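Take a look at the following structure, please.
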Amino acid sequence: MAQDNTATLKTADGTLLKLSLERSLRRRKRNALLLVAPLFLFILITFLLPIFDMLIRSVDNKITAEILPTTVPLLAKWDARSGKLPDELVFKAFITDAQIASKAKTINRLGKRLNYEKSGTSSLFRKTGRKLKKFKANKLTGTYQEALLKIDKKWGKIATWQMIQRESGRYTSSYFLSAIDMKKGIDGAEWKDEDSQIYINLFKRTLWLSFLITLLTILLGYPIAYLLASLKTKTSNLLMILVLLPFWTSLLVRTSSWIALLQKEGIINDVLVSIGIISDNARLSMIHNQTGTIIAMTHILLPFMILPLFSVMKTIDPSYIRAARSMGATSFTAFRRIYFPNTVAGIGAGGILVFILSIGYYITPALVGGTQGTLISNFIAYHISESLNWGLAASLGTLLLLLVLALYILYDKIVGIDNMKLG
Amino acid sequence: MLTSSSDALVRFENVQKSYDGEILVIKDLNLNIQKGEFLTMLGPSGSGKTTCLMMLAGFEPATHGEIYLDGIPINRVPPHKRGIGMVFQNYALFPHMTIGENLSFPLEVRKMGKSQREEKVKKALDMVQLGDFAERRPSQLSGGQQQRVAVARALVFDPEVVLMDEPLGALDKNLREQMQYEIKHIHERLGVTVLYVTHDQSEALTMSNRVAVFDNGIIQQLAPPDVLYEQPENAFVADFIGDNNCLVGIVTSESETSCVIRTEDNSEIKANKINIAGVGSQSTLSIRPERVIVNPEAGQVPNIFQAKAEELIYLGDHIRTRMNVCGNNNFFIKIPNSSHHANLNKGDTVTIGWNEQDCRALDAFT
Amino acid sequence: MKTFIKYSLASAILAASISSAQAETELVVVSWGGAYTKSQQKAYSNPFMKNNPGIKIVNDDSSNEAASKLRAQAEAGKVTWDVVDVLPDTAIALCDEGLAIEINPEKDLAKGTDGSSAKDDFGDALISPCFIPEIVYSTTIGYRTDKVGKTPPSTIADVFDLKKYPGKRALNKNPIGNLEWALIADGVATADVYKVLKTEEGIKRAFKKLDTIKKEVIWWTKGAQPGQLLADGEVVMASAYNGRLFSAIVENKQPVGMMWDAQLFELDGYIIPKNAPHLKEAMAYVKFATDTKRQADQAKFISYGPARKSSSKLVGKHAELGIDMAPHMPTAPANSKNVLYKDINFWADHKDELSEKFEAWLAKG
């Protein structure tokens, strides 16, 4: 049939063929959409919305305007670079706001929030709130400014008011700056003091340790996966159970066994001392430091490397190696040129799995890592459940998410996501 | 006839093989393969033919005995130093390499220069009519094309011997037949020695100079295809190769070249004495269907019996007819579909007969 | 269909009536775990449950993270704790934030058995309107007797002396106590510690001193850990609550010794969270637990002193070992030659800042 005829093709009942086809496809599309809908909703509610909420929290800053409702608009008019304190109106508004907040017991929350910007603000607000409870405006003898300065001299510092003015907007970038060891100064972002720069180092350490752990799982997992793949199914299933055992052990049991094994008076040190490899007063520190984190995480993440490797190796026909050998390749060449390239997909899948998991790991490092073996996620957990600095936790989390995405894209560029096989 | 052991390229000498220390998969194998020969190992699965191939290639060690390649014992030579090309049933083309790279691989490991490699790869691909496919991946090729690449790859480094392990097993019938001819022609053109393993008898008969029929770890008969078909030496070979009718009976008398067998229904058949254990022993008679004559004239052949047509199967060029004769109701004859062929209906009784020469008395077949 | 509904309704009602018959009020009491919770269980909770059969007490060992967890619960709008055992500075902070309820000692707490009013009986221990005092205790240093040579450590400066006492130390992962000890070890008089710590230089000085032993410190987060680390021989000395060391030395006969120099002396007590699910039962529980008899009883199980004066006279012998408990109390004259009284108000005001500094210092490596 000639090409130009297709537009006028009709079905038996006279409707256009293209239209009719489209209609039948539309029904199929709608059905597909309906099938996907429950999962989509589930992911939306349990995954996408929380992530969105996290993103919002990392910049959210409505607390200042909420607790100091009259002060904030007045303070906005003040020229922070004028070299003078805000005028009396601001002080009056602040005392009024702070008194209300003190009675409502919310002032310390603001103190805590602003303490992230400048250390010492928390105690300043606590003290001020406590003293303002007894403050009576009608018994005021001097100015409001004098009254506030009497409570604490810090209220006479321009920097204090600059900070409140800076942090009175609806949104703030200070959490993100904090997450990369920076802070807002009067002239924009600047580095924090040497002593409080910790997060960039933590990100670096997290990446480095994750990389190391991934490498170790490859080195340890590859031969095991090879063995499993080349054994009879019955034997390999049995061995597979051993590989999966750490999965099924409770975290506490696992942690106590690591401690029993790795500590100074632990089994490994005892054995090394008794066979004379190390002397009794030079026992190795293998726990409560980075070594502990590396050992424990390599152990727990090993199955995530072995499983994809195993399933990829299982599909490699043994005749490939035989063919290569018959063509004159030594067993090493056959491995290097034929077997290994065919397992790259498994290494890629296992590697990305282990790497991403270890970037986000925090329980194990917290238990066996001491201070030098903790990762960025430990600080996210710390800020979520202990310091309650959720904004900083959210911005650290967001950065971590971006980092993982960036690595994922990099991986796609170098290795290609299509080359990844999970089994 | 190619039999003398001195100029054999490959020689199996008293080779035995066992995997578990209890069962011998290969029982005392002695085999000479001549240079340039196309030898096929034919047998049912589990008969030990692939094991022989693997031992020759070096992937399985012989439990006992020695294998010689060009007069040199190779039991201790690792596979990559044997210089034997190999074609696998599943082709075993490396999926991460292009066709060109696949063919280039054996040349690379031999440290051949680049230009020489390219030339040889091109020549090999042209030989299998896939000259334009060098840049493709194996997964982009059809089964037949992949098979041709596998053959080209096994030949590209000019091995003295090429082993083929059921290479056509995964192809459909038409393609298989076409490939049979192609491999045969390549063999004829290059003069390379081929050891071929298959369970398909027509493949074996079509391609080979000689066929070794395997069963139970033993070579039952080693002969050119026509000899194998016309003159099977035992009941297994007679039955395994081609259509065959079996009549079982006891030897009642024997002379130098002939004997008489009495079947269970007391019919006495004069037969060609090939492989019997003497008077009173059991014997299997082998008669090819196409050698049976329908309605023979009296005295035309020594064996004439009444037979009842049980079933007729129309096959175009001939009519396959199942008869009941001498107490065997599974006796097939072929009636050619010629212009004046015997007109037989189901249930008709006719006389059939055969020559003493065409009726081979063989060992008792269990 | 009708019968189906009828039957299912009937069975639902039946199930509801059974469960209501068995219903108990589950009172969640949060404390520090280990030997301490056990002593509270024996001295307070078991008799309380005996007197009030409808109430079941559920222990939660989260006191170490009490403030943050309670803040998180309040933030989430669902408080699940009824009674929380906390340190005074935590109580003050939570009180300031409106997360703990204020109590009236005269009305809500029991009178002393000697007739004194609750206010007088507790005296100075009532440091915040939300805080219900319970015990006095101290954080001290324990050491492995087999690993410190012939002269065991005797001053807090010995903890910072790696030459004299090489090996790992376990310290609380918390600025409280560590900063003060660092200053005392650096030569600051015990009485001046908080004055120094209020200045920037003082804080720097404390961290600088801590720097000298940083590499050799394992940081503990739960009260039971230092005892375990000492028992395992993982550390040669460890800061620990005096009651924990008592149980390691006297009850479990570990090769552990303790020194009382610069003991960090403080109170411990209860708060009741705002919006606690069982306010009435919680109030009854704290009143019962802090009466004269119960306070004296607890000292039979652990070497922490009662917070009320009327109980002090009643402290007797250990319930199982039968030894005199008085010499093991932080208040015993022999133990209190150099006492560091924790400045509760200082820590209520400065904990946020110093915790942040401390965490950053830890992370610096």
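Chains here go by letter, A, B and C, matching the order in which they are written, and residues are numbered from 1 within each.
Methods note: a contact is a pair of C-beta atoms (placed from the backbone, for glycine too) under 8 Å apart; a residue touches a chain by one contact, two chains touch by 3 or more.
What you see is a predicted model; the values in this text were computed from it and never measured.
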item: Farthest chain (mean CA position) relative to chain C; value: B
item: Chain closest to the assembly centre - both centres taken as Cα means; value: A
item: Length of the line joining the C-alpha centres of chain B and chain C, rounded to whole Å; value: 89
item: Inter-chain centre distance, chain A versus chain C - centres from mean C-alpha coordinates, in Å; value: 33
item: Rounded Å distance between chain A and chain B, as computed from the means of their C-alpha atoms; value: 67
item: Interface hub residues of chain B, defined as touching at least two other chains; value: none
item: Parts of chain A lying in touch with chain C, wherever the complex brings them together; value: 104-106, 108-109, 111-112, 115, 119-120, 122-123, 126-127, 129-130, 195-196, 198, 201-202, 259, 263-265, 288, 370-372, 374, 379, 382, 385-388
item: Of chain C, residues touching chain A in the complex; value: 65, 68-69, 71-72, 75, 93, 96-98, 168, 218-219, 232-234, 348-350, 352-353, 355-357, 359-365
item: Complex interface listing, chain A residues touching chain B; value: 317, 319-320, 322-331, 333-334, 337-338, 341-342
item: Complex interface listing, chain B residues touching chain A; value: 57-59, 78-86, 88, 90, 92, 94-96, 105-106, 109-110, 153-154, 157, 163
